[in-house]
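One chain, chain A, appears in both complexes that follow, with chain B as partner in the first and chain C in the second.
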Partner chain A sequence: MSAANATGRGASPLKRFGLPALLIALALLFPFLDDGLGLGLMFPVIVIAVYVMLALGLNIVIGFAGLLDLGFVAFYALGAYVVGWFASGHFNQVSISFLSTARSISGGSPAGIHISFWILLIVAGAFTALCGIIIGAPTLRLRGDYLAIVTLGFGEIIPRFFQNGDNLGGFNLTNGTIGIKSIDSPGISILPDSLSTWQRFGTLDLNPWYYTILLLVLITVYVNIRLRDSRLGRAWVSVREDETAAAAMGINPVTTKLWAYALGAMFGGVAGAFYGAFIKSIFPTSFSFNISILVLCMVILGGMGNIYGVILGAIALQGINFYLLPQINDWVHAIGESLGSPLLAGADIPKYNFFIFGIILVLMMLLRPEGIIPNRQRQEELHDDSDAGGDALGGTVRA
Partner chain B sequence: MTTGEATKNRSGALLEGIRSSSWQSRAAVAVVAVLIVLLLVQGVRDPGQFTSQLLIGLTNGAIIALIALGYTLVYGIVELINFAHGDNFMIGSFVGLTVLSGTLFGLGLFSPISGDSGAALKIAGVLIALVVAMAACGAINVGIERIAYKPLRNSPRLAVLITAIGMSFILQNLGLVWKGPAQVPFPDLISSANALPGDTIVFRWKDVFVIAVTVPLLLGLSYFIKNTKQGKAMRAVAQDKEAAAMVGINVNRTISITFLLGGILAGASGVMYGLFNGITVFNVGFTQGLYAFTAAVLGGIGNLSGAVVGGLLIGVIGSMADQYIGVRWTAIVIFAVLVLVLVFRPTGLLGDRSATQGGGSDRA
Partner chain C sequence: MPLLEVENIHSFYGHIQALRGVSLVVEEGEVVTLIGSNGAGKTTTLRSIHGVLPPKEGKVIFDGEEIQGTPAHDMISRGIAQSPEGRKIFSRMTVRENLEMGAYHRTDDIREDMERVFDLFPRLKERIKQEAGTMSGGEQQMLAIGRALMSRPKLLLLDEPSMGLAPVLVERIFQIIREINEQGTTILLVEQNANVALEIATRGYVLETGTVVNSAPAEKLRQDPKVREAYLGEI
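This part shows the complex of A and B:
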């Protein structure tokens, strides 16, 4: 049974296109809603969208191909540093500009490398895909837990390398813990002046940022769906289920896995590039192991392999981070005040963020391990009692 | 057959061996050889410093080995990377610190033990701290297994891995709330003076302390697993759970005891880490845990002697990297070792074995 059935290929067109169209329309109208109701949620929503993209990238690796990756943050960091290197004044030894929005005060070309953000998005994607292949080629023959650990190792090495890379034989590659600052804003300079916020994305009007990341997310979703239903997507499922059988049927497991790894890395890199330009300064500490785990949890909570589930997982977890945890703080304070309990009224709930997060993870796994919106095929596997063998994702612990 | 021919044959076999090995393993052996030669050159240039660094590495390695044993015991028996183990180690160091400062949850049981206290009081304090931390960590580990892992015994491995990560977050947050985000100082109870005569080679009393605690623990563990009934049950469960259950072994209890042992070792390691380094911090378990995990993988996960050898090696590699490459590159060196070992020899140096013997190699 192909995963495509989960979306209901035989269902009515209304069911097949209605819900996505409604969701896209809602997403397109969100800035007006935010403006009209004065929600002030544009910033968190953009960050959530970045995480949706990351989660969809990781979903290709984990959900489709069944490769547990604990170091996904490495690609996110690489993408962000590509923008940091090629769209800021970091390499001030040279002065190269190409279709960039960056202008120097004197009017001449500014110091550093300044290349158009739009080109860099593609460069970042290609570069991280290449890195994915380089990292993946020697490691992907490992199975299950071992692969998870290798990726964990890479996920630790790369941010630490960025942290220490301020003096590589005298060359300052990454500016160490200080990070790379004042990254150029993206912009479409050919637009007329009436669209000035689009000529150079600013920090006051976040709409251009929002629509850019929305477009990127939609492309990611589209590519995810097409990949899932493609020959490659079916090859991923078969390699995930039984590598030996897949190989016997003429599928090259290594190439198949490498594709998954490279494509997942590419989306991670593009998300990182956007995030770098949006946040404007990148530090090695922004790319810690916790991010890898957070994205992994999004994929698992939402439902591995199910695109809607993964999107929902990303929104839910980041929503908890941005919205629910501060809310809980206020609630506890209010309860404490009404009860006259200084302990509760003064409780510093953000301090317990990771505690709450950990509890959610444990409870979710205990109560609904297949995720909020499970992939139908995965769900059947999860509720199948037979021993499927020792893979980290599909298999069961022999009891 | 003359001796000349025999030698020729032997060298022929050696050449054949080299020829049949893959280029990757040849490259790996060559790189390791070059690194060892470079280290030896350093050793010849300044033998005193080199030896001192080696000894520090072994002491650090002993602390790491105790944590690594916890990973490897658990992996050998339930094939789970117990992510919460490193954080359990951190809790162990906090418990030890609390006992030594005499303020168990604000109860003020006795006055804090500091560097000025008498020798007998110091020894008693350290012993009590070790025992309390070991008991606490053992209990925590068993509790975690009961709450978070046991209900998922028949779920996919990933589900258990996620709960392990969740428990790790919970413990880390407990540590953060308990002692705050900053580094906490440990009382300076054990002398940093050199235990050896002269000052060319430095082996401090602190190092003596770590070795003096680690060796009996390792001997005890080895005795437990080799000679006691429960140890034999552990080995049986590691090899084949169903068969073990069929011959009347209580599998759940055996798994609990495995977690208990891992926790006990982590607790001892946590207190020693604090006394040895003079500080501890709420997220120390993450890095130390990863180092220990690397050690377990390096030795061959599931293999107990492998964990000890791996721990000592990681300790030495770390201290050599501190000295000759630079402290800030140490973590990268250790993680690079992790990646390289897994790529070139995923079964580790001593082979991948469940708990102590047999089984397991088919799952690599």
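This part shows the complex of A and C:
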């Protein structure tokens, strides 16, 4: 009877390792499947994977530590801009290259700062974690709603800053609404020529991108699992339940929450850095409030605190966005044309995605507030009426 | 040197003064109780000692060190554990997980301590895998005390352990508190139920509107006519 068993997670080895191994194998083979069947889904799947990573990052903040963060997009944007700044020709006053794949046409070193994508992934993670600490330190003393308001503001301020940061005392930091373009491709230049697609990630063969984000997602999942089962994970659960009692156990609530915020921010930043390099140009408008809400919906839909649930939530919502809505759109158009109805034939269904997400969220809250795959403790928190009985002898005085 | 010395502390909730110069002493090995009516400042005194509500004036000296102003989460490593008012157990964790939380700051083996808690409260052992929130009030109180013991405290602060419990259970809990003390833990006990508190205490302090109005050995307080009239329900 180990401690892990008492928490109800100790399942059979087959269930513990079999299912994850199968899923990983499936994910590894996906590009071959996509190629063989001619699905052409590589691009949407890579973007979905970015969102899986974002949702897992936010899961640390919301699911584990119970902090409602409505401005998660800020870290995503900061991560993307790190890559924008340090792997493009944006700062053309200087010419710095470090292990980069970028070459100028003349063969000399290109204008701008060009640092290896792999280094920038780490830099973006560290930078956003630091930003998380700077934002979190004063605000995490707040509880509940107040924190949500502050993070909401932060999520709005950062994109505004990028939008207006093209003239900071004469210095062009963000290039404003035009954004930063032609971001360098990642690549592993030391590889032999037979692996040329990996030397410099291209836009035709998306496999290197896919395996990179898959690796990042797997790292995120692993860290999530380790954190959940760690001392820190315990501290998060206790702070979520009762800050005062947690403090009496010797847990500093503020630093505990700060860890969650910084770690969540870090994954958001790394996801943003990957996305920036993948999409090659970043604009302030790519980081709107909608994304914060979308990622939040993924976490809630899947099941706050449950890693598999959150992954499923992210895949489901982005799947609807990328695949189901355009599909429905085509069907509606086809029906509209056969009926001769211009209203249906010209309808723009994907425009209603947030309306549809809204309906999904309302239905989830009514029918299954704990999410598709719930976290054990979360489930009980949301079905609180079940334990109001107590026994006659003791009464039920509860704080 | 006393284990705990509180010197003339003044504590405020916002602008409202709750403690007006409380002083008290707890010697090693004692059970000291604070009695008094609602709003007298009993819980506030505990909160001030424990760092939840740092006093604006005065000193709290524990084990020879001034600790006023130390945050609550540093108290447990100094050797002060508390079972707070309203129990504040982690209701969605199991009994075992709650006890493990009590030993959160420790990195050594806690099995012995868990056995000790189960010896004191066999009921908790039966419920080891149960969600704490689904237990009865009495069991939750046992868990709150057991959880505090998991840190091997030098001083145990108990706030209203009798609250919301049936009289039979109150007797039982107080027997166990005495047992804990006999095993060597010093206890500072805040209690409205002055009868039971004075039965197990070595000494007692009577609080009224934020000041100590009387202090004496427990036996003497039980015989004090004023105390009998005000707190022991006798006319």
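Throughout what follows, the second predicted complex is superposed on the first by the 364 of 399 C-alpha atoms of A that agree within 3 Å, B and C clash if a C-alpha of one lies under 4 Å from a C-alpha of the other, contacts with A are read in each partner's own complex, and residues count from 1 in each chain.
By definition in this document, a contact is a pair of C-beta atoms (placed from the backbone, for glycine too) under 8 Å apart; a residue touches a chain by one contact, two chains touch by 3 or more.
In this text, all values refer to a predicted model and were calculated from it rather than measured experimentally.
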{"item": "Which superposed partner A:369 touches (first chain B, second chain C, both, neither)", "value": "first"}
{"item": "Chain B or chain C, by number of chain A residues touched", "value": "B"}
{"item": "Chain B versus chain C as contact partner of A:336, first or second or both or neither", "value": "neither"}
{"item": "First, second, both or neither for A:358, with chain B first and chain C second", "value": "first"}
{"item": "First (chain B), second (chain C), both or neither touched by A:161", "value": "first"}
{"item": "Which superposed partner A:300 touches (first chain B, second chain C, both, neither)", "value": "first"}
{"item": "First (chain B), second (chain C), both or neither touched by A:289", "value": "first"}
{"item": "Chain B versus chain C as contact partner of A:235, first or second or both or neither", "value": "second"}
{"item": "Touching both chain C and chain B, counted on chain A across the two superposed complexes", "value": "381, 390-391, 393-399"}
{"item": "Complex contacts: residues of chain B adjacent to chain A", "value": "24, 78-81, 147-148, 151-163, 165-170, 172-174, 176-177, 241-242, 251, 286, 290, 293-294, 297, 328-329, 331-332, 335-336, 338-339, 342-343, 346, 362-364"}
{"item": "Chain C contact footprint on chain A (complex, rising order)", "value": "3, 6-7, 231, 234-235, 237-238, 241-242, 244-253, 377, 380-381, 387, 390-391, 393-399"}
{"item": "Complex contact set, residues of chain A against chain B", "value": "68, 138-139, 142-146, 148-150, 152-154, 156-157, 160-161, 163-164, 289, 293, 296-297, 300, 351-355, 357-362, 364-366, 369, 381-382, 385, 390-399"}
{"item": "Complex contacts: residues of chain C adjacent to chain A", "value": "50, 52, 71-77, 81-82, 84-94, 96-97, 100-102, 104-105, 128-129, 131, 133-141, 147-148, 151, 163-166, 168-169"}
